[in-house]
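Notes follow once the structure below has been shown.
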Amino acid sequence: MPTLVELRQVNKYFGEHHVLKDVSLTVDTGQVIVVVGPSGSGKSTLCRTINRLEAIDSGEILVEGTPLPTEGAALARLRSNVGMVFQSFNLFPQYTARENVALAPVKVKGVKPSVARERATDLLNRVGLAEHADKLPARLSGGQQQRVAIARALAMEPKVMLFDEPTSALDPEMINEVLDVMKDLVAQGMTMVVVTHEMGFARSAADRVVFMDDGRIAEACDPEDFFTAPRTERARDFLSRILPH
Amino acid sequence: MSTLLYDEPGPVTRARLRSWSVVALLVIGLAVGLVCWRLWGQGQFEEDLWAPFLDEPALRTGLVGGLVGTLQAAAMAMALALVVGFAVAVARLSPSRVVQAAGATFVWFFRGPPLLILILFFFLAFPMAFDIDITPFWALVLGLMLYNGAVLAEVIRAGVLALPRGQEEAAVALGMRRGTTLRYVLLPQAVRNMLPAVISQMVILVKDTSLGFVVSYGELLRYGNTAIQVLDNPIQMYLVVALIFIAINMSLSRVAHALEKNPVASGLRRRRTVAESR
Amino acid sequence: MDAVIDNIDVILRGFGATLLVTLLALVLAVVLGTATACFRVSPLKPLSAVGTAYVGMVRNTPLTVIFFMVVFGTPEVGLNASFTAFAVVALGVYTGPFIGEVLRSGIQGLHTGQGEAARSLGMSFGQSLRYVILPQAARDVVAPLGNVCIATLKNSSVAMAFGVFEATAAGYTLANANATAVIQILAAVAVGYLCLTSLAAVAIETVEHRVRIVR
């Protein structure tokens, strides 16, 4: 499979704080990469550099072989091909679920409103929210909001989807409804980079698990290997704390 | 870092921002230049309009005297307004419907009309209707007291209502009576929480003392008015008066800001809160 | 009471002037305030510095001082206008930064994630502003803008000292002329203001309620 996203020797600082240290990573088309690691290790930052919500200080990021644009219309175009799902959903509160999903296709891609609405309805159907299409986000539960957010990202027909801890802000009973939608995407062959603490999802859905520690990729391997025989001390330590015994 | 409105600028954006900043600077410079040119053309930079501020001791004494007048009225009004505000807030938090309504009416009635009406009321109605002589100082201070009392009552009430419910429940659980609860548990915390809002109101009050010129109270602005009759330099005089007000109010705001931001103070606040809720 | 009824036309005329000065000043203030808000959120340092300086200076200066500057300062540089025009300028210049700050905090009070979500979908700066940020900010500023309007109505009373015969001036003049009815006259004017401010408060509340979005 061709490489879709590639990070080469990426470094990122917040002021003095070195947050990404020589990070290199390739994501092939159709691959699902799950990023795990302790809090503050740079997972979100890594995820956000891929659509340049965070600018990098050195190194290179390539999407489909071309360097990530740094600004302007080219960056906007790139972003319309990269779906992003946030921990805090970030739905637009003044629009209904359907309008949230249909907005960007109409305004950014110039899709006809009637077509976009229809597609939005389909997508909401797909994430199990057909009957909630006309509700404002505030009337939806966290899990439902996050599913709308996924549908909103999918509406742009992205080539890759970035998830930054999509279930961390959810009550436990809602986590699965979101993970199920994500597993559906995996089954359909979507390319995904997922930051998560859901080890069950990592184990069943990931093609590769990337373990980050203190700004570095400490380990990148097959999920089975990672969970059964982690190579680094830090990863063993991390797993012992996060997995139920 | 990306913000609500902007991405972290790329190289092209950065260059563009730089050149537009230069353009903006030029336009601002041009505007300032035009104003200065106009002022200069009208003789506003002539020395005898500015020099008195530096080499006329009488002017300086007068300005200081005016400033003292401003500060005296502001301090007295603030102290009284706090007392009134506190009383009205307690009334509004009282369990009695009647007392609550009285407090609410007070706030509605004295916050609604302009402050100037209240000042004029004391200034005109007292001598004319009640035959009570009232000095301009007291007309100003009493007007300020009622208006700011009404405003501060709301600030204080909001401060108490913003306290976590648990605090009150804890106090009640300890068997404290309502008054005791209010006094020992809720108020000390509320005072600290609302200090910034109280200081903002103080800035407004300091500005409003300048309404004293309407009743001929001898404060800063009025002194300035008198002095320009001799010096004939209104632009310069009002600029200086404005700068003095700005200096006072910015220092007040800085205090408020420090109180809000100071980690030591807020740490203290948390620790004390724990102690007091016991 | 007779003094009030006999002079009701004078008082009403005063309130007419009050409303006129208030509305015109608000128009000027909205223009200045919008510019200030744009300046302050602008990525151009010189512009945001100018915005910050204007807000910092005017907000800490008494309205009366600004009135004096306008009424006695501008003629010194050869600019003359009617008392009403001066009052409108003074009140507008004073109110501008307050409106600017309401607008600015309406925008900057939104969660950063809203902008990031909009941009992540491929929206340009203009699009995210137009479809995501401004619609939310517009709803959030209704109540604080309304409060500025009410404050401006009350502040317009300062114009009485600068040759504008508005409601407070009417009250002052009538009170001086009717020594026995001072309280009634001033109370009547106060009640007039109370009616206007209470009416405005209800109107704001209604609008705010209608446009409010739950988050």
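Which chain is which? They are A, B and C, in the order written, and residues in each are numbered from 1.
Here is the rule we go by: contacts are C-beta pairs under 8 Å (C-beta built on N, C-alpha and C of every residue); 3 or more make two chains touch, one makes a residue touch a chain.
From a predicted model like this one, the values you see are computed outputs, not experimental measurements.
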Third chains touching both subunit B and subunit A: C
Of A-C and B-C, pair with higher C-beta contact tally: B-C
Centroid-based (C-alpha) most distant chain relative to subunit C: A
Mean-CA-position distance for subunit C and subunit A (Å): 46
Geometric centre distance via CA averages, subunit C-subunit B, whole Å: 17
Per-residue multi-chain contacts in subunit B, two or more chains: 2, 7, 9
Per-residue multi-chain contacts in subunit A, two or more chains: 53
Multi-partner residues of subunit C (each touching 2 or more other chains): 111, 114, 116, 119
Parts of subunit B lying in touch with subunit A, wherever the complex brings them together: 1-2, 7-13
Residues of subunit A touching subunit B in the complex: 14, 52-55, 69-72, 75
Interface residues, subunit C side, partner subunit A - complex: 111, 113-114, 116-124, 127, 131-132, 135-136, 139, 213-215
Residues of subunit A touching subunit C in the complex: 51, 53, 73, 76-77, 79-84, 86, 88, 90-94, 103-104, 107-109, 136-139, 149, 152-153, 156
Touch list for subunit C against partner subunit B, complex: 41, 43-47, 50, 56-57, 60-66, 68-69, 72-73, 76-78, 107-108, 110-112, 114-116, 119, 125, 128-129, 133, 154-158, 160-161, 168, 171-172, 175-176, 179-180, 182-183, 186, 189-190, 193-194, 197-198
